[in-house]
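Next come the structures, one after another.
Below, subunit A partners subunit B and then partners subunit C, in two separate complexes.
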Partner chain A sequence: MKISGSHTVALGKERAYEVLQDPAILARCIPGCESLDRIGDDEYQMRMKMVLAAVSGQFAGKVRIADQSPCDSFRLIVEGSGKAGFMKGEGLLRLSGIEEGTQVDFDGDVQVGGTIASVGQRLIDATAKLMIKRFFAKLADSAVE
Partner chain B sequence: MTPTITRTKAEPLIGKRVKRREDPRLITGTATYVDDIQMPGMHHACIIRSPHAAARIRGINVSAAKETPGVVAVFTGEDAKGVGPVPCGASLPGLRVPHHYILALDRVYFAGHPVAVVVATDKYIARDAADLVEVDYEELPAVADPEKAIAEGAPAVHPEWPDNVAFNFHQEGGDVNQAFAEAEVVLKQRITSQRLIPTPMETRGVVAEWKSGDKSLTVYSSTQIPHLLRTLLAGMLGLPEHKTRVVTPEVGGGFGCKLNVYAEEALMGFVAMKIGKPVKWIESRRENYLCTIHGRGHVDYFEIAAKRDGTILGLKLKLIQDLGAYHQLLTPAIPTLSVLMMPGLYRFRNISADIVGAFTNCVPTDAYRGAGRPEATHGIERMVDILAAELNMDPAEIRMKNFIKPDEFPFATATGLTYDSGEYDKPLRHALEVAGYQKLRAEQAQARTDGRLMGIGLSTYGEICAFGPSPATPAGGWESATVKIEPSGKVTVMTGASPHGQGEETTFAQIAADELGVDIDDVVVLHGDTAVVQYGIGTFGSRGTAVGGPALYYALQELKVKIKKFGAMLLDSDDVSFEDGVCTCNHSGRTCTLAEVSGAAHRAMKLPPDTPPGMQATYFWEPPNFTFPFGAHLVVTEVDRDTGQIQIKRYVAVDDCGRIINPMIVDGQVHGGVAQGLGQALYEQAVYDENGQLLSGELTDYAIPKATMMPWIESAHTETPSPVNPLGVKGVGEAGTIGCSPAVVNSVVDALSGLGVRHLDMPLTPEKIWAVIQKGGQA
Partner chain C sequence: MIAQDFNYSTPATIEEALGLISGGEAKLLAGGMSLIPLMKLRLAAPGHVVDLSRVAGLSGISEAGGAIRVGAMMTHYEVESSALVRARCTLLAETAAMIGDVQVRNRGTMGGAVAHADPSADYPAALQALEARVTIAGAAGTRVVSVDEFFVDTFTTGLEPGEIITGIEVPVEPEGTGVSYQKMLQPASGFAIVGVAVRIRKEGGVISFARVGVTGLGSRAYRAAGVEERLAGTAGSASDIANAAAVIADGIDANSDIHASAAYRAQMARVFGARAIQAAVNRAA
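Moving on, here comes the complex of A and B:
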């Protein structure tokens, strides 16, 4: 499933690029994130709780950052699984400076399996968009502090 | 209060609208289903299932689950690998049969594949502990689409067969090449019959009880085939058959999906034997959608050859069957039934069919209401309409022209069947008359002028019922009945057909009451317990009444001979008749009742010559042929141009199922069948994504028709008795489903024909129809 969109962050491009890869800030901003620990270069272990339709559950997974082109773009590779199923995703985030700060465009592909696929697939698109929106809203708050 | 329907000599019970005797317990919630069974010390099982459609199992860690208080055992594929494979009862030349372990061993083949089982003292503990079982999967590429599966380069479902072809099957009759060479018109169409989820209201469920003292296993299961299940379970578990008992309590819908032997049935037997306690497993709805067989799953390429006057000369079919990852009990046999049914009700005798059975990383397909015959009928009836449109002929006229005529019966078809009896034009004429066909066509013309999209669709279907002669079935096609007259004259019938909603507790009581001349309340019909009832085959393929009924009839005839012997003894006569529950001496006119006769037979103070005591008869009846019901459905639809919504304005169903024992039950069967046919035509589809994930895995995502979505069904019948059995019955369980989907699709295609639409694949969702209208008729 394709997921794409764009959000504005009220930060300069360099700061935005930094914040989007800062595990402490990400842990605070990713909805449902319970922990985000660095396990290697650009690689993190994450635990999060997700609610999708009638299914909720803990997911444990890895987040990897690749193809970094500082301040302009990077690739995010996510893989997680839990009792409610599994998810895999990959997306490219592109940053561009605009008057209000930085515009972040993302374009990705998400695959889900298990119960979350068989029960919640109609809501995945909407849920993902909602989570991303909340993420950026929180990011704006966190980064300003 | 409704007056009780009683039997009189002039008016037998057969043919009357006797209310179903099963219903009071069903509608008052006092029936016993598997989940209602409680036993002292009963444990509960929860099954861990693969989230992946294809993966290697690198390891399973059960220690955390095992340590949970209340958990008594966790079993994996390694523990259960000694249990025999889930059986496939169908055989075809060259059939590839994968070994189907009851729990996956080192690899999973579909999302939902059982991997391990947790057993606990409480079902919630079992469920929570199941989350603690850690399975390390190495995901593998999967394929979910049957056409992609058999294409070059597809991932292999079973590594030993990289082409994903389970079998190729060819059948032909007549000279199809000559028919196509002589044809003035040849038309081709790809027609799909989508995967469907049978959705019984009661999901599957199993309770297994091991009696270690006498080393016997009792399995309670929601099944259509208790005796076959017992035979096969005993084999899987290495138990003697006579120490294995299967009990079928109330079954909340089967529709073919419980005509099977499932891994979980053997698994619960295995667990009960291991823990020495009774164990219960009740399938959740999500499991039911993922793991109980699906139906249909056809991609059909049809070619029809005809003359310009509408005479059909021949039919070719290439059929790709989505089998799923394994063969369940009858999986590979189902598409062969489609081929048998290909001639429909028409006279042409040139046929050629090729089936490719394709493995996919999906749950297996198997019998679902109609099993092979709805797919075939849908294809034929679509092709006839496509031909009619091409030739500018009326769809009713082209059907009449090609019907087999009444004087041609018995009719040998190109597929090797012998149709028993039929007057195929009768239900069609009746349907046209009831619907006011000419008037409807005039209304349609007016609607078109007004810019409205109105359609009239027909299907004239044939069926193969009463499965069946034993040589044509995998496990014997006969059926059995025992009739006991108790010393008081009350009657107990035991049928080997295991009815589960078809109403034989009522119809068989009608038959017995008529034959013995007793009140229907004096007859009880028992079934579904292998320790109580003699061996039987079960209920499927519209066979319960059509094969089980005659078995009962013949048992009753044997008993009547004995009744007369005892009557003659009691009346001291050499010439007695038995009618209306009374033996009469034809000389003196003196009489004695059935109760007196049965009392004397059990007391046995004196016996007639060469006659043993007691009053019981058992009959095993082998049917000489299938039966072939038929009918005509007519559907009037109107399509909303702006939304694509389809409204069914009229639904006329005229079914000929031979002699009718209970018109109310026959109507009920037609209604239920039409509901499931409409489900396929308009709403339902089991959707897998390209990675083999089932996306329609809940009732929120799988659209079965609700009561508000049902049209008023104008149901009528013609009665052409079958010469195959003494009751003249043919079977009606699947008729509604078979007749429905082509009539609905033909109607909608007719409505959209002005836009140039020639064919639409099911389900006809508003979204699909709206898109077709938007594109000006391009599907």
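Moving on, here comes the complex of A and C:
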């Protein structure tokens, strides 16, 4: 399934590019992230606990950053699995300087499988959007600090 | 499948229930139409389930001070078949009658549906159009929140951990108000792909009051203020309605799933919005 959208970060473009790839900041901003450890160049192992409505599930997975074109764009590749199911996603994040800071446009593809997908098919898009919204909301808070 | 082991409590009072959930780990059970299937699939595995079915003060439907209070544990069937709701807040009764199927309506509760905040649930459209209020009990006392404040996002509400919805308040509809709830339903689940609830009042042949609530389209049910503005002061002709319904999806990041793409959903919101407005206009005296 395709997901795309755009969010504004109140940071200069260079700083926004840095922040979006800073594991310490990402760990704080990814909803439910419990740990994010470096396992290689631009590659991280992640554990997260997703809680939404009555559903809660632990996921373990990997995050990889590729195709970096400093300050303009990079590609984010995420995969994870847990008892509830698995997900795989890949997206291109593009940064552009605007008056309020930086606009981040993302365009990607997500696949979700397992129990969570077979019963929650109609909610995948809404849930993905919610998680991304929460991520950028937290990022906005972290950026101010 | 069988749910994972859990502790089960049946408190008799709100205070007792609040005490049981104060730790933050317990999950409240109302009608169980969403929680139980999730537990059986093991997508939810709460260690402690607090059943609200025996708590006093969460049932009943009554009228006071221009409002109707529906107890949080009233089932959809009790709402749709209540003589008071049918006569004095028809939109709510008609919306309740369109939820899911008869089994769901016999067990599912209004408080449970509202707390769950499914982005495709039916009640939220009507509650937005009705400018309803949610009564919430917590350790610090009782508070009342407007639904617009209450529905925050997909499955996200203004309910804090440790709080319980005790009831929902809707206004008593003045005579002559025309209402309608129209939904495009997903046949397997009965959930709304889009659903639009409308209230219309006329004065001297023109629309003097319009409220439009939309569910299923965005991340939460919302009031379509743009549509309301375009309707106000018009005679409610077919072209007035089409002109108003045209902006129903404006500014909304539409949901998309295997049943309906974002563009199709937005178009269906316009189509079902126009139908609901037309039906409400026809019924308004």
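Note that in this section the second predicted complex is superposed on the first by the 140 of 145 C-alpha atoms of A that agree within 3 Å, B and C clash if a C-alpha of one lies under 4 Å from a C-alpha of the other, contacts with A are read in each partner's own complex, and residues count from 1 in each chain.
The definition used in the following text is that contacts are C-beta pairs under 8 Å (C-beta built on N, C-alpha and C of every residue); 3 or more make two chains touch, one makes a residue touch a chain.
What you are looking at is a predicted structure, and each value in this text was computed from that prediction instead of being measured.
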item	value
First, second, both or neither for A:56, with subunit B first and subunit C second	second
Which of subunit B and subunit C A:26 touches, first, second, both or neither	neither
Which of subunit B and subunit C A:125 touches, first, second, both or neither	second
Subunit B versus subunit C as contact partner of A:95, first or second or both or neither	neither
Subunit B versus subunit C as contact partner of A:133, first or second or both or neither	second
More subunit A residues in contact - subunit B or subunit C	C
Partner chain in contact with A:112 - subunit B first, subunit C second, else both or neither	first
Contacts of A:5 with subunit B and subunit C, given as first, second, both or neither	second
First (subunit B), second (subunit C), both or neither touched by A:83	both
Contact residues of subunit A, present in both the subunit B and the subunit C interface	53-54, 83, 115, 119, 121-122
Interfacial residue positions of subunit A with respect to subunit B in the complex	53-54, 81, 83, 85-86, 111-115, 117-119, 121-122
In the complex with subunit C, residue positions of subunit A that touch it	1, 5, 52-57, 83-84, 115-116, 119-127, 129-130, 133
In the complex, subunit B residues that touch subunit A	51-53, 111, 131, 286, 289-290, 689, 691, 693-698, 700-701
Subunit A contact footprint on subunit C (complex, rising order)	27, 34-35, 37-39, 41-46, 116-120, 153-156, 186, 189, 191, 219, 253, 255-259
